[in-house]
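I have placed the structure first, in the form of structure tokens, so that the comments after it can refer back to it.
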Amino acid sequence: MTLLVGKQTRAIVQGITGNQGSFHTRLMREYGTQIVAGVTPGKGGASAQGVAVYDTVAAALERIDANASIIFVPAPFAKEAGMEAIDAGLNPVVIITEMIPARDSMVLMAYAKEHGATIVGPNTPGVITPGEAKLGIMPGDVFSPGGVGVASRSGTLTYEIASYLTRAGIGQSTCLGIGGDPITGLNFVDVLKMFRDDKSTDAVVLIGEIGGSAEEDAADFIEDTKYAKPVAAYVAGRAAPPGKRMGHAGAIITGTEGTADAKMKRFREVGVRVAEVPSELPRLLQQQKAATIQQ
Amino acid sequence: MTLLVGKQTRAIVQGITGNQGSFHTRLMREYGTQIVAGVTPGKGGASAQGVAVYDTVAAALERIDANASIIFVPAPFAKEAGMEAIDAGLNPVVIITEMIPARDSMVLMAYAKEHGATIVGPNTPGVITPGEAKLGIMPGDVFSPGGVGVASRSGTLTYEIASYLTRAGIGQSTCLGIGGDPITGLNFVDVLKMFRDDKSTDAVVLIGEIGGSAEEDAADFIEDTKYAKPVAAYVAGRAAPPGKRMGHAGAIITGTEGTADAKMKRFREVGVRVAEVPSELPRLLQQQKAATIQQ
Amino acid sequence: MKLFEYESKSLAQNLGINTPRGGLASTPDEARDIHKRIGGEVVVKAQVLVAGRGKAGGIKFGSKPDETRDRASEILSMTIKGERVKKVLVEQKLAIKKELFGSIVLDRVNKCQTVLASDQGGIDIEEVASKNPEKILRHRLDPVFGMRGFDARQVALKLGYGGQRLNALTDLLSNLYRLSVIYDAELVESNPLVETSDGKFVAADLRVIVDDNSLFRHPEFQERSKEASAEVTPLEAKARENGLAFVELDGDIGIMGNGAGLVMATLDMVNHYGGKPANFCDVGGGADAEHVATALQIIQGDQKVHKIFINILAGITRCDEVAKGIVEVKKVVGLKKPLVVRMQGTNFDEGKKILDSAGITTLEKMDEAARLVTSPKVA
Amino acid sequence: MKLFEYESKSLAQNLGINTPRGGLASTPDEARDIHKRIGGEVVVKAQVLVAGRGKAGGIKFGSKPDETRDRASEILSMTIKGERVKKVLVEQKLAIKKELFGSIVLDRVNKCQTVLASDQGGIDIEEVASKNPEKILRHRLDPVFGMRGFDARQVALKLGYGGQRLNALTDLLSNLYRLSVIYDAELVESNPLVETSDGKFVAADLRVIVDDNSLFRHPEFQERSKEASAEVTPLEAKARENGLAFVELDGDIGIMGNGAGLVMATLDMVNHYGGKPANFCDVGGGADAEHVATALQIIQGDQKVHKIFINILAGITRCDEVAKGIVEVKKVVGLKKPLVVRMQGTNFDEGKKILDSAGITTLEKMDEAARLVTSPKVA
């Protein structure tokens, strides 16, 4: 069983007839992902990118089998789209939509927890298992199959780092964006657990950024559980001033909390190798691997 | 372990300083119930009927151990009082308060379900295990210990029937009011399950009334599960006109639904003996017991 | 509390729910003027709270304003199931493509709200329910999260709609749900809910029942809830003002007791022994002498009552208080009808003594008392 | 979006939250008049969005109206942390018994709202948090059911209150929570939250930050959110109007890129190699030529920018579109500062060709480009 998404994934695209939904349905299918249906209210009976469109997820499931969802609907409707996917038993639910009100995310995450569903995002590039399938908007060609699990709070920066890894001959098991919002379904700790239990993953890269304490929590977890797989990290935003939102809703230093330096320091304290610039990551991973093998 | 309430019960009274709360705290204690604390916001530090009063349930639990709650707070605050008891892990939660909005009850029952708590009521006389303890407002002296479980949608009528049973030498295992509201924590089916699994109970009396389908659902359950213990019933409201609320919020015949005759008919179809007048019940129970033994 | 159609529609309009254009008239001339204003053909509908006004002739059509005045005049002089018609709603006749049924009800079994809907609207929905139960669609709503867009959409889809109409019907259902939340309605029902030939959905009729227990948080209904309406007889209104649970019936034996279940059982028992109860009167738990006296006076003030049965099983209530109340009535205004009193429980001895010394007999058993009050001995 | 103290208090008053009596003044004379109207002693407070106005001298007291006018005059001529003071709040001085701290924050880790409170208010709460962390009380709220009465009561109790004051503080906390719900606030903070000598609780100061992502459902903030405020520099305001995520910094290298993380990493790398970024500018995913051109023009229009670094990792974004945007700016207004362009990914070849033919060099590696733009070679 591949982590979160793989050959076995049969996904519904919610918001399939929008620009992004339609465009990425094509790219996901080209990458090999099974997209089995689309949903757009009021467009039932149409087809988008060769995929049948339904008015509701329930209506789609009367005709096809599915086990995952990717959501592109506009922010005001994203909470309910997530609930609709959860009610229908789809899992995981990947929410690409950005600019969702924090209160909506908060309620949706509580709903997901109650129903045992995994939410990736919101405001995420999605998740990819290179060579198998992707539920997301990442360019497939910068990734390559292999053993490094990558979790990130950002999109393009993940592609940048994945392409460094790929060029250095380091393939990836699963790469995912936890999302750039203050409230996301998965945090780094959740993902560290998944990677720990995933046989295809032998090392982990965390791509953090300023704001919140996801990185510190990950460091605590690594320390407390004596995390068995090597972890390397990069934290974006050392040059960011306090009190300013750096593009992502979650990327803001409040008071003295959430600075990149503090996060990097904490990572180093628990034995995580931290890159000063993203391009250092392949080298760090190789060093860390070597060190782990020596132990 | 006694059903719902017994010697082991250590109850908190929410709304202890009100007229009803205070009065019944005295009577419950006189009956032998362990009342370990009271709660009234703003009255922390006081004492009522010799019981220490706290401002919140959590504050009470910092000082004492408790495992059940009985709620007398006014209707506008009852939903939150129930949640407070549930959050504190008290179980069961008996809600005496009447006139609670149906929407509040609906939300509270969902909350209780999510947290695995049992709610008795609202709008119930409570629950009594004769000779052991009572969490409720029923007069203790009409009940006597024995083997008949009694579940009712009404208060005074339950006392009337219990006193018939007691006078006829038929004791009761546990008697409880499920509540006179449209939405209650327990319904007859829940109680039938409890009585089925309760070793102290060897026969069951259901006291129904017009409105809703609690009696029909009980009959279905008795039929479907080939209910092993004898059941006798009385249904109040044959003389009630359609469309009129007979005192209880839940006692209303809507359209052709919820008539006493239909309920009595359905009970008889599944082998439940139905009393024409309440005073018949002791005789019916004895007959039914005899019949069961013959089988 | 049942709302009149025109009240329900006024709330609905504020939430953006389509209703037919029209107006409320108390006189035939007002009805004619409304017709003049809105033009076309109109329907004139009796504003009553009882169900079944259509079959009773409370809905008529007018193609000209003068005709509308005449129809309104007819309806305004009607009494439907005991309820006098005081107002009529004059509304444009819709260009009906299809009549649906849509409602949001309190679902006692599932402890949530449930949508009931059907593509067979405009007729008695209970008839549909019994003849073609599969024609009624049931969709449960989450008790906490309520109706989400996709809940409404799924219902609209099952009713056979797609495209723009799907979205329009989804919006209307969502707004009916919002109505139920905002006003704590135990029932919101539109029958018929009309699909017009131009693809709109209109609540052609609308019934709203507000949860009585929620009235404390609805100041907007405070005045309304005090009005004696046809839902409540004058006697009931008077009794309820005095804090009694009271339902008027058509027999001749006045009934008073403590506890809804006990009073219902009392009515049943009186019936069982061949008597006919004149009312249901629950004085509740812990009633004092004054409360009992008030109840007794209201009951004996009712012309159709020939004898009275008081049935008290005292728990919180005390027999001596009940007795004092009865004696007080005897002293102040006199006992005007034959009276049977059954008392049992708390302070029975004290109560019995008080009644004995006032020359009123008390029985201790309910059965016995019911048999007595229904016998020719008491008349 | 941060609200000014006076805006936050106005919302709070509508919910029944006690705030000091007072008024808003734009001129010293207005301040004097407000003092005359409310009497007693007053406090004059600079209305700025930046924190730390107290230490900066933005809060002064007036015991007479004329004194208040003078103090207001001083404050109205101040600039606090770069923000010009345009208005002052003139409020009655409270009879303080105790200063508390109370806030409702978005709790990222627990995915809920959390109450932070302390009986040590009126001072920098971060100082309390670092010196006496046990003095800060944390109470998590259920993400779905929010703050129930007993949640607020438990907080008030832990702050040491009982009796009538417990209930009063409970009400105030409940209302602060309601404020956070009604206005989608990611922060509601009262510091100090004052217990007055007569036993009332008053939000002496109040900060509210509205979740920017919720603005679509808050028409009441629509005008306000468009205003360029001190929170946003004029350059930022202009960029944001044009749909760019933009933060002004104080260096000299203008930065543009696609994706918040990538742009942050670009700033870091420029810093790493000894450069100083002049801004953060994220054109987002799938930017077309026009969008890129707009961004470039805004960046080169900034006086302090000496050179520009464009860093694009094309996925949805296409290199040819980016190139077209750059070339368009060159044609229409000219490239006025030295420019380093790094591009990689979708349609790289087409993009490079377009830039090559316009005489603009492109690099493919981010590191290399960052080193180049920070070197003296580019000047």
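So that you can tell them apart, the chains are marked A, B, C and D in the order they are listed, and the count of residues begins at 1 in each.
The criterion applied here is as follows: a residue touches a chain if its C-beta (ideal position, glycine included) is under 8 Å from a C-beta of that chain, and two chains touch if they have at least 3 such contacts.
Since we're looking at a predicted model, the values are computed, not measured.
*Asks:* Steps needed, at minimum, to get from chain A to chain B via touching chains?
*Replies:* So the least number of steps between the two chains is 2.
*Asks:* Among the chains, which is located farthest from chain A on the basis of C-alpha centroids?
*Replies:* Result for max centroid distance from chain A is chain C.
*Asks:* If you tally contacting C-beta pairs, which pair wins, A-D or B-D?
*Replies:* A-D
*Asks:* Quick check: how many Å separate the C-alpha centres of chain A and chain D?
*Replies:* Roughly 27 Å, centre to centre.
*Asks:* Where the CA atoms of chain A average out and where those of chain C average out, how many Å apart are those spots?
*Replies:* A distance of 55 Å separates the two centres.
*Asks:* For chain D, what residues touch not just one other chain but two or more?
*Replies:* Touching at least two other chains: 144.
*Asks:* Name the residues of chain B that each touch 2 or more other chains.
*Replies:* 111
*Asks:* Provide the residue numbers of chain B that touch chain D in the complex, in ascending order.
*Replies:* Touching chain D: residues 41-45, 55-59, 77, 80-81, 83-84, 87, 111 of chain B.
*Asks:* Help me check something: in the complex, which residues belonging to chain D touch chain B?
*Replies:* Touch list, chain D to chain B: 145, 148-150, 153-154, 157, 162-164, 166-167, 170.
*Asks:* In their shared complex, at which residues does chain D touch chain A?
*Replies:* 51, 106, 108-109, 111-113, 126, 142-144, 181, 184, 186, 211-214, 216-217, 245, 247, 249, 257-265, 267-272, 277, 280, 282, 285-286, 313-316, 344-346, 365-367, 370
*Asks:* Using the touch definition from the top, list the residues of chain B that touch chain C in their complex.
*Replies:* Residue list for chain B touching chain C: 23, 75-76, 99-103, 105-107, 109-111, 137-139, 142, 152-160, 163, 180, 182-183, 187, 207, 209-210, 212-214, 217, 234, 236-241, 243-251, 255-256, 260, 276-279.
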